[in-house]
């Protein structure tokens, strides 16, 4: 009945990368968990009743929007379409940062790129171009590096074969840290 | 029957990482582009009328889901985008000139703005809002244009959707060149 | 242009230009009190640009005095005075001054080509002022749009593993060189380390343009000293530009230099054609840097 609460849930779930639990939603929206649960149920039923192409699903303890299972063949077709093979500009830029600064944490990549890179990083991992390689000592943050598959796809034998960056750039190594410390 | 088309659009938009064009949607769903356009419009209006927490928007040549601006304070708690540095007045004005006069050389921008724009142009290029796009035939001067990222930042589908300059600047046709020839 | 048709009051015209919401942040809050005008500076500009007020009747010195007082007053406040406001005022004032100078020229007898050019310049300066204002207002619209857009967040989620598994082989689509160029761009700190020189309001000086001036003067007078050729130069940059232009012309065989003694008077004599285009290289006018990365793709 209270559209406000449902709107809030819709807005958050529309843009989150990972499934979000009811408890977290309750904290952010500052409402009791029961109300959140009720709102999620209402939305779920609404979408189903309105025959939407998407659905709200609870998966591994959290909620997230998915395309409706009925339409899986269409989504598959879209995924298989040649267009999806190409990396997006955002993915390419993120990959470039990782390639030249590996091993590197996601927070660091984010700081350099100036935007949230969560979804893009996940895509790069899913696509086998980037992989985890241990954790940073001080922070415990997961570190990432490029894979052999990346080298294969770009046509190089090793990371050391990547063309050198502009000569002035190595000097800004320290700058990265400053920027990172400001943003992290 | 009609609902089928809209469902399909909803399902695909739920998995896209970047804005997807009407043409691509038409290819995948195998329906005329006009029908896709109509379906997108219907969905857009439905979400608005139903006061949903999300919205469908056409930005930079494609469509995708966004959280509703009303709910920004909540969503911001989740999506910690590196806060984008605000553009200065000088940067905004330079950007305005480039947006309306592209492709344009730096000298020409300077002439219109009445000040040296070198540093500002550099900032705009660094921020990815403006990019080089070839050289002027006669002078060999580098030409600049706005990027897709610029369109994303201002939430427009294409440069032609910018508000008309006419009400602000009557009878300007041809003036540019004369002014430029005077100043260059 | 539709508004020219009737004698609308300046207020209606003003609102049509879209003053109210967009003009904030301009020389905001700055009002002038002159003999024949009392009100916001912005309105004054509007009246001038709409031919509702004659620029020759505006005492620019008084406007300037008032602006300085305005800036001083701001100094006392918490905000302090704004450099961009001051810069903007300078630009506008300079244009007004140019405009006024052009207006005041005796328009009756025109005997020198330079005078004629100035008369033509009058309308151009006027147009330039209009254009300057137009882009200011557009900038305000862009700022509004950016502010709105910043409040919406795009859905950008990674593909479900089930679908991701179906993805065809990834296409990086760029050469290693281009990949490095992208890295260069992305890894370069976002804040340009250059100190902004915007506020200095350096006029643009072009060697090509100065060459045209030099050619015209020499064709008229046949032979001139370098001193005479730069007598009307507004600043050192113009002097340098004209000197470079002379070197170019010498290279092209269009002029002859004579200097009786070292460091003495340099006499320049025109030896080229009486009329017609002379092409002067614009290499001095091009920006020095050249970027290794071509435009970034989609």
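Lettered A, B and C in written order, each chain numbered from 1.
Assume contacts are C-beta pairs under 8 Å (C-beta built on N, C-alpha and C of every residue); 3 or more make two chains touch, one makes a residue touch a chain.
Everything quoted here is computed from the prediction, not taken from an experiment.
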Chain located farthest away, centre of chain C as origin (C-alpha): A
Chain whose Cα mean lies nearest the overall Cα mean: B
Centre-to-centre distance between chain C and chain A (centres being mean Cα positions), rounded to whole Å: 43
Rounded Å distance between chain A and chain B, as computed from the means of their C-alpha atoms: 23
Chain A, residues touching no fewer than two other chains: 14-16, 65-66, 75, 79, 89, 113-114, 119-120, 123
Per-residue multi-chain contacts in chain C, two or more chains: 153-160, 163, 188, 190, 296, 298
Contact footprint of chain C on chain B as seen in their complex: 13-19, 54-55, 57, 59, 64-69, 72, 75, 79, 81, 84-85, 87-90, 92-93, 95-97, 99-100, 106-107, 110-120, 122-123, 126-128, 131-134, 139-142, 147-148, 152-156, 162-163, 165, 167-172, 175-176, 178-179, 182-184
Complex interface listing, chain B residues touching chain A: 3, 6-12, 14-15, 17-18, 24, 27-29, 51-54, 65-68, 70-71, 74-75, 77-82, 84, 148
Contact footprint of chain A on chain C as seen in their complex: 153-161, 163-164, 166-174, 176-177, 179-180, 182-184, 186-190, 292, 296-298
For the chain C and chain B complex, residues of the former touching the latter: 1, 3, 16-18, 25, 84, 87-88, 91, 94-95, 121, 124, 127-128, 130-143, 145-146, 148-160, 163, 188, 190-192, 194-198, 200-202, 204, 206, 208-209, 282, 285-287, 291, 294-296, 298
